[in-house]
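First chain written, first letter: the chains are A, B, C, D and E, and each begins at residue 1.
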Amino acid sequence: MLRLLRPFVFPALLLAALEWWARTVGRSSDALAPPTAALRALAGALADGSVVTATGFTLGSAAAGLGLAWLLGVPLGTLLGLSPRSARMSFLSIELLRPVPSVALIPLAMLLWGFGLRMEIAVVAFACFWPVLVLTQAGVRQVEPRLLEVARALQLSAWARFSKIMLPALVPRLFVALRLGVAIALVVAVTVEIAANPHGMGYAVMIAQQSLDPALMLGWLFWIGLTGYVINAGASALQRVIARRMGELA
Amino acid sequence: MKRLVSGLEPLAVLAALGGLWWVASHGGWLSPVFVPTPEAMLASLHAGLLQGDLATAAAATVQRMLLGWGLACLLGVVLGALIGVSPTARAWIQPTLEFVRPLPASAVLPLAISVFGLSPAMVLSVVAFGAMWPVLLSTVQGFASLHVRLTEVAAALQLSRSAFIFKVGLPHALPDILAGTRLALTVSLIVAVVGEMIASQPGLGQALLLAARAFRASDLFAGIVLLGAIGFVSNALLALAERRLLRWQQP
Amino acid sequence: QAPTRVNVGFTAVADFVTLFIAREEGYFAARGLEVATTFIPLNPSMPAAVQSDSLQIGGATPSVFLQAVDGGLDHVVIGGGGMTSKSVTGVAFVARAGSGIRSAQDCVGKRIGVPGLGAYLHVAFRAWLRQSGVDHTKVNFVEAAFPQHADLLRGGSFDGVVTADPFLSRIVASGVGYVASYYTTFQPEGMPTILYTARRDWAERNAAAVKAFRESLVQAATFLREPKNDAKVRAHMGKYIKLPPEVLATMQINPPSPVIQERQLQYWVDAMREQAMLKTTPDVARLIVR
Amino acid sequence: MSLLTLERVAITLGRREILSPTTLSLRRGEFVCVIGPSGCGKTTLLRAAAGFVQPQAGGVKLAGQPVQGPSREAAFVFQDYGRALLPWRTVAGNVSLALEAAGVPAAQRRERIHRVLATVGLAAHADKFPAQLSGGMQQRAQIARCLAQEPTLLMMDEPFGALDAMTRESLQDELARLVREQGLTVMFVTHDLEEAIYLGDRVVALRANPTADKPSLAAVIDVDIPRPRSQLATKEHPEFLRLRRELYQYLGHH
Amino acid sequence: MSLLTLERVAITLGRREILSPTTLSLRRGEFVCVIGPSGCGKTTLLRAAAGFVQPQAGGVKLAGQPVQGPSREAAFVFQDYGRALLPWRTVAGNVSLALEAAGVPAAQRRERIHRVLATVGLAAHADKFPAQLSGGMQQRAQIARCLAQEPTLLMMDEPFGALDAMTRESLQDELARLVREQGLTVMFVTHDLEEAIYLGDRVVALRANPTADKPSLAAVIDVDIPRPRSQLATKEHPEFLRLRRELYQYLGHH
C-alpha cells in the first residue's frame, strides 16, 4: 500500500503547500488559484472537449518536430561520432548554432510560415535537433570498440554497420535522447503557442490567463504536466521492453 | 602545413555557411526586414559592443548562465546519482521530477514570479532547474549502463554506497555526464535568455526581445550571433576539460 | 461576386469592440465581407502575422505598428479601434502602499512595472513623465503581465505599476496599492489606441474590401455611441473576450475612432521619437489608406 | 572445521535446472578445485558460494554465518577479466580500489600495491590502463586486486585460462605458496584437469545437464600428493597420473 | 605458394616497441601456431596480419595484395569473446550476422547457422542471448560466426582458452578436420604448447621485450607429425615429445 503511494507523496505536499498559499497569502492574487479550483476548472474544460483538440495539436506538432529532429540528428550524429575529421570540421559551426534559443527564432518562423503547424514544427525541430545530435555523437563514441572491429572484419557495408551494429548499440542512449527530446519538444511547442501560435495547449493557457481565470490556467498547466508525464512513462516502458528484447538481463 | 590546413577546415565550413547567408540576403530570397545582411548584422554587433548596452547585457547573461549551469550540474549529478543507485530514491522522487520536467519555463515562470517575486535569484533557480535535466538523465543513464560485472566487483569489495558512487558509478557515468553537462550549458544559456525575456531581467534575452518587437533585425541577429559566440567559447572550454578527463578512453 | 474572406487579429482589450459589433450585427456580411477573427495573446506578434498572411488585418497598438514600419515592414493603417478620452479612468499608475509615491517626480530611481516594455501603456506613461518634466531614463521599468501586478506589488518587487482595469480596481480594493495618477487623462483626447493594419500590397489589391471594412466600423461606432445598445455591446464583447460577467458589466469602453487622421498618428510618431524609439521619421500621410 | 558450507544448493536459471542440489564444504585452509565441461555450471556454483546469486533451494554458510551477499572476506576472480577492471583506472588504481574499500590509509597503499603487482609480474605495468594490457595481463591485474584484499577465502573462476604455460605455472606456484603461508582457503574453478590435481587438496567434478539419478556433483576426489608440490616432480608422481586418468574417465562418461 | 606474407612487420604502441621487425609467411592450407609468454605481442601480431592495425614498418600481403584493412576472406576469433558478440542478438543471430554480411539469402541462412552451431556443440543454445551463456559457450558462439563466414584464412586468438579439456579436444579435432577438408589456412595464437604442436604444421615462438640481437621472432619450428593426428597417439609420438621439450626450453630461456 505504502509502496504504491510513495510516488505521490512529494506532489501531494507541493500541491498542499500551493493550496495553502493561494488561500492565505495569495488570496487577492490574479495569477494564482488554489489547486482544488484548478482541478474543477480543468474538469470543466475536459467536459467541453476543448482539451482534446488543444492537446492533439500540441502533441502532433511536438511529435512531428521531434521526428524531424531525429531524422536529421541521428544520422548526422553517427557520422560525427564515427569520423573525427567531420566532427572537427563542423564543431565550430555546430557550437555556434546550438546555443541559439529557439524562442529567438519564433518571430522569424512566424514571418516565414505564419501561424499554424509548420512554424511550430520548425521551431520544435530546431530545438530538439541539437540534443539528439550531441547525445548520438557521444553514444557512438562509446560503442564497444571490439564490435566495430567485428563489423570491419565482416566488411559490413556502411549501412549494415549502421543498422546492425551502431543503431542497436545506441538504443539505450537514444532513449535518453528520446526522453530528453520529448520533454524539450513539449516545452518548446507550448512556448511557441504561448508566444505566437494561436493553437494548442499554450494558447489555451494564454486565453485562460487573459480571461482572468487563473484557476483554468493552473488547470491547464497541470494538464500539460500530466500529458508530459504520461508520455514519458510510455517511453520508459518502451525502453524496458526493448532492453529486455535486446538481451539485457540484469 | 597539414596541421594548418586541418585548423582552417572548420573556419572554411563556417565561412561557407556565412556565404550562404550573404547570398540569401542579397539575392532577395529573404526579406531584409527579418533577415538582415551579414554586413548589417556586423555593423549592429560592432556598434552594440562598443557603445551600446550589448556588452553589459552579454556579461549579465553569461553570469546568469554560468551560475545556473553550475547549480544545474550539482543538482543533476546529485539527484541523478541518488536515483541511479537507490531504488528507494527512485520510487520517492523520480515521479515528481518526471511530472515537473515537461512543464515549460514560459508557463511556470509567471507562477514563480507570483509566488516568489521578481528577483534575479528566482530567475537563476529557474535556469538551474531547466538546465538540470540533461545532466540528471545522463547521470541516471550512466549508472544504468554500468556492466553487472563492475557492480559485482563493488559488491565483492563491499564498497560503501558512497564509495561505489564516487569510485565506480560516477567515473563510469562520466562520459555520459559530460555529454549531459555540455547540453546543460547550452540549455542554461537558452533558459537564461528565456528567463530574461519573460521575467524582464537585464541581459541579452531582454535585448533580443526588444529588438524583435521593434523589428530591428540587424540588432536581433547581432544578439543571436553573440549568443552563438558565448555558447561556442564556453563549450570549447568544456570540451577541453572533457578531453583531459576522459584520457583513459583513447589510450 | 463571392464574398472577400479576411482574418482579423485582436487582443483582449475593449478597444476592439467596434470589430465585434460589426461582425455580430452583420455589418461586414452586408458589405460582402466574410470576416473571421483570431485572438492573439500578445500584440507584438500582430505585424508578423499580417506579414506572413496568417492575418489579413491585424489590430496593432500604435507603438507596435510604428516600430514595425520603422523596421521596414510595408504596412498601412486602414481603420481604428478605440481612442483616448479624459473621462476614462480604467488605466492608472498605481503605487505600492507605503511607497510614498505621489507625483511623477517621485518615480525617479524606482522600480515600476509595465505590462510591456515599449508597449502602448509604457509609451503613454513615459510621455506623461516627460510632460511632468521627469527624465524617463532615470526610472527603472520592468515588464510584467497584468495578472502579476498585484502579487509583485505585495511582494515588494515593484514600487509601482502601470496597470488597467479590472486589475486596477482589485489592487486598490485589496489595499496593496493606491492610484498615484490617472495619467492617461493628461493625454490629449482622441488619440487612437488600436490601429487596424494590413500589408500595403494587400490593401491596394483589395481596396473595396478595405473600404467596406472601414464603413462597417463606422456603422458599428454609431451603434456603440447609442447608450441603449450598452447591454448588447457588452454581450457581443463577452463572446470574444472571455471575462468574468461582473468585470464585463463595469468595464469602461474607450470611444471609437474608426477613421484615422494623419494628426492622430502624428501624435504617436512624435511621442515615440521623443523617447528614441524610432530610427526614421515615418511619413504618416503614406501610412494611412483612405 | 569448515569455513564454507554449501547445503543442498540448487539453482535454476530461466526454466532450466543448472545445478541440482549440491552439498559441499571447504575446511579452513583447504584448496578445492572444481572442474567440469563447458556450461555445466561451475561459474554458477562459484557465484552462489560467493553470494552473488541466491540459490533457489538450500543455503550457503561462511564461517557459520548464512551468506546473504558478497563479503570482503572472500575475494572473487571473475572469468571475464576484460569486464572486471575499471577502465578509467590504471592497473595500480584498480588494485588500490580493494585497499580503499578496506580503508587502508593512503600512506600504506603504494607499498602494498607494489608488492601484489610484483607477485603477479605486473610491477612494470602499474601505470597502464586496462585497454593497454594484453588479455593475460588484465587477468593478472584482477588477481592482484583480489590478493590485495587479503581475503581468507579466494574464489577463482578460471583465473589462469588466458595465460601461457610459463606464466601460468609460475602463478600456480606463487598461489600455492601464498595459500600455504597465509592459510588461505581457495575454491578454484578450472577446465584444466592437471591444474586441478596439481593445485587441489580435493577436486570436485560437475556434470552438465543433471538429472535425478545423475546429480550435478559427479565426483569428489581427494588428492593425496604431498606439499609443497613442484611442476616437474608432482606431475610425474604416480598418484597424479592415476588421478588424472580417473578424472579423465569420469568426465569422459559424464 | 604463400597466402599470407608478413614482411619485416614492426609495431610500436605508445613509445614501446612491441614487435621488432618480423618476417613470416603462410602457405595456402598451412596451419601456423603462434606461442609466447603473456604480453609478448601475439595478439598484436595477429591484429597486424588481419589489417586491424597498420604496422609502423613493413607490410602485410594477402594473396599477393597489400592488406589495407580486414577482409571477409579472413575470419578473426577475438581473445575477449565477451566483447565480440552482439549482446542484443541471440547465438543464432550472431552467427547470422556473418551470413548477412556475405549477402547470403535469408532462405539459406537457417540451415547454415544450424550446421555451424552443431559443429561447435551449441545447437541446443541457438536462441540464447550471450548474457545467458557460460564463458566457454560464448567463445564457441564466436567461433561459429567465424566458420559461417567460410573464410579461406582463419585467424584465431586463443580460441580454446576458455574451454574444458574435453570440449577443447573435440573442437581441436573438429578444427583440424575442417581445415583439411576445406583447405583452410590458419594462423592460431595459443599459450598452450601442446595445443600448438598438436594442431600446427609450424610453430612460431615469440619473445617478450625484443632487443636488437633478440628479435620478437624467437624460433620457427616445423612439426613433422603425420596427419590425421589423434589426441592419444599423437601426444605420445616421439616427435611430439621432442618438440615439446625443445619449445619448452626456448620459452624458458626466452
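FYI, contacts are C-beta pairs under 8 Å (C-beta built on N, C-alpha and C of every residue); 3 or more make two chains touch, one makes a residue touch a chain.
Here the structure is a predicted model, which is why all the values come from computation and not from measurement.
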Open item on the list: For this structure, which two chains share the highest number of contact pairs?
Closed with: A-B
- [ ] Could you tell me the distance, in whole angstrom, between the mean C-alpha positions of subunit B and subunit D?
- [x] 49
Task: Where subunit C and subunit D are represented by their mean Cα positions, the distance between them in whole Å - done: 84
Task: Centre-of-Cα separation between subunit C and subunit B, whole angstrom - done: 38
TODO: Mark out which residues of subunit E touch at least two other chains, giving numbers and ranges.
DONE: 14, 80, 83, 132
Task: subunit A residues counted as touching two or more neighbouring chains - done: 26, 29, 31-32, 107, 111-112, 194-195, 209, 250
Task: subunit C residues counted as touching two or more neighbouring chains - done: 51, 145, 147-148, 151
Task: Pairwise chain contacts, counting only pairs that touch as defined - done: A-B, A-C, A-E, B-C, B-D, D-E
Task: Residue numbers on subunit A that touch subunit E, as the complex places them - done: 144, 146-147, 149-150, 152-156, 160, 164-165, 168-169, 171, 245-250
- [ ] In the complex, go through subunit A and note every residue touching subunit C.
- [x] 26, 28-32, 107, 110-116, 194-196, 198, 203, 206-207, 209-214
- [ ] Enumerate the contact residues on subunit B facing subunit D in the complex.
- [x] 147, 149-150, 152-153, 155-160, 163, 167-168, 171-172, 174, 248-249, 251
Task: Residue numbers on subunit B that touch subunit A, as the complex places them - done: 6, 9-14, 17, 31, 33-35, 91-96, 98-108, 110-111, 113-115, 133-134, 137-138, 141, 144-145, 148, 175-176, 178-179, 182-183, 186, 189-190, 193-194, 197, 205, 208, 212, 220, 223-225, 227-232, 235-236, 249
Open item on the list: Taking the touch rule as given, give the residues of subunit A at its contact with subunit B in the complex, in rising order.
Closed with: 3, 6-11, 14, 21, 26, 29, 31-32, 85, 88-93, 95-104, 107-108, 111-112, 130-131, 134-135, 138, 141-142, 172-173, 176, 179-180, 182-183, 186-188, 190-191, 194-195, 202, 205, 209, 218, 221, 224-229, 231-233, 250
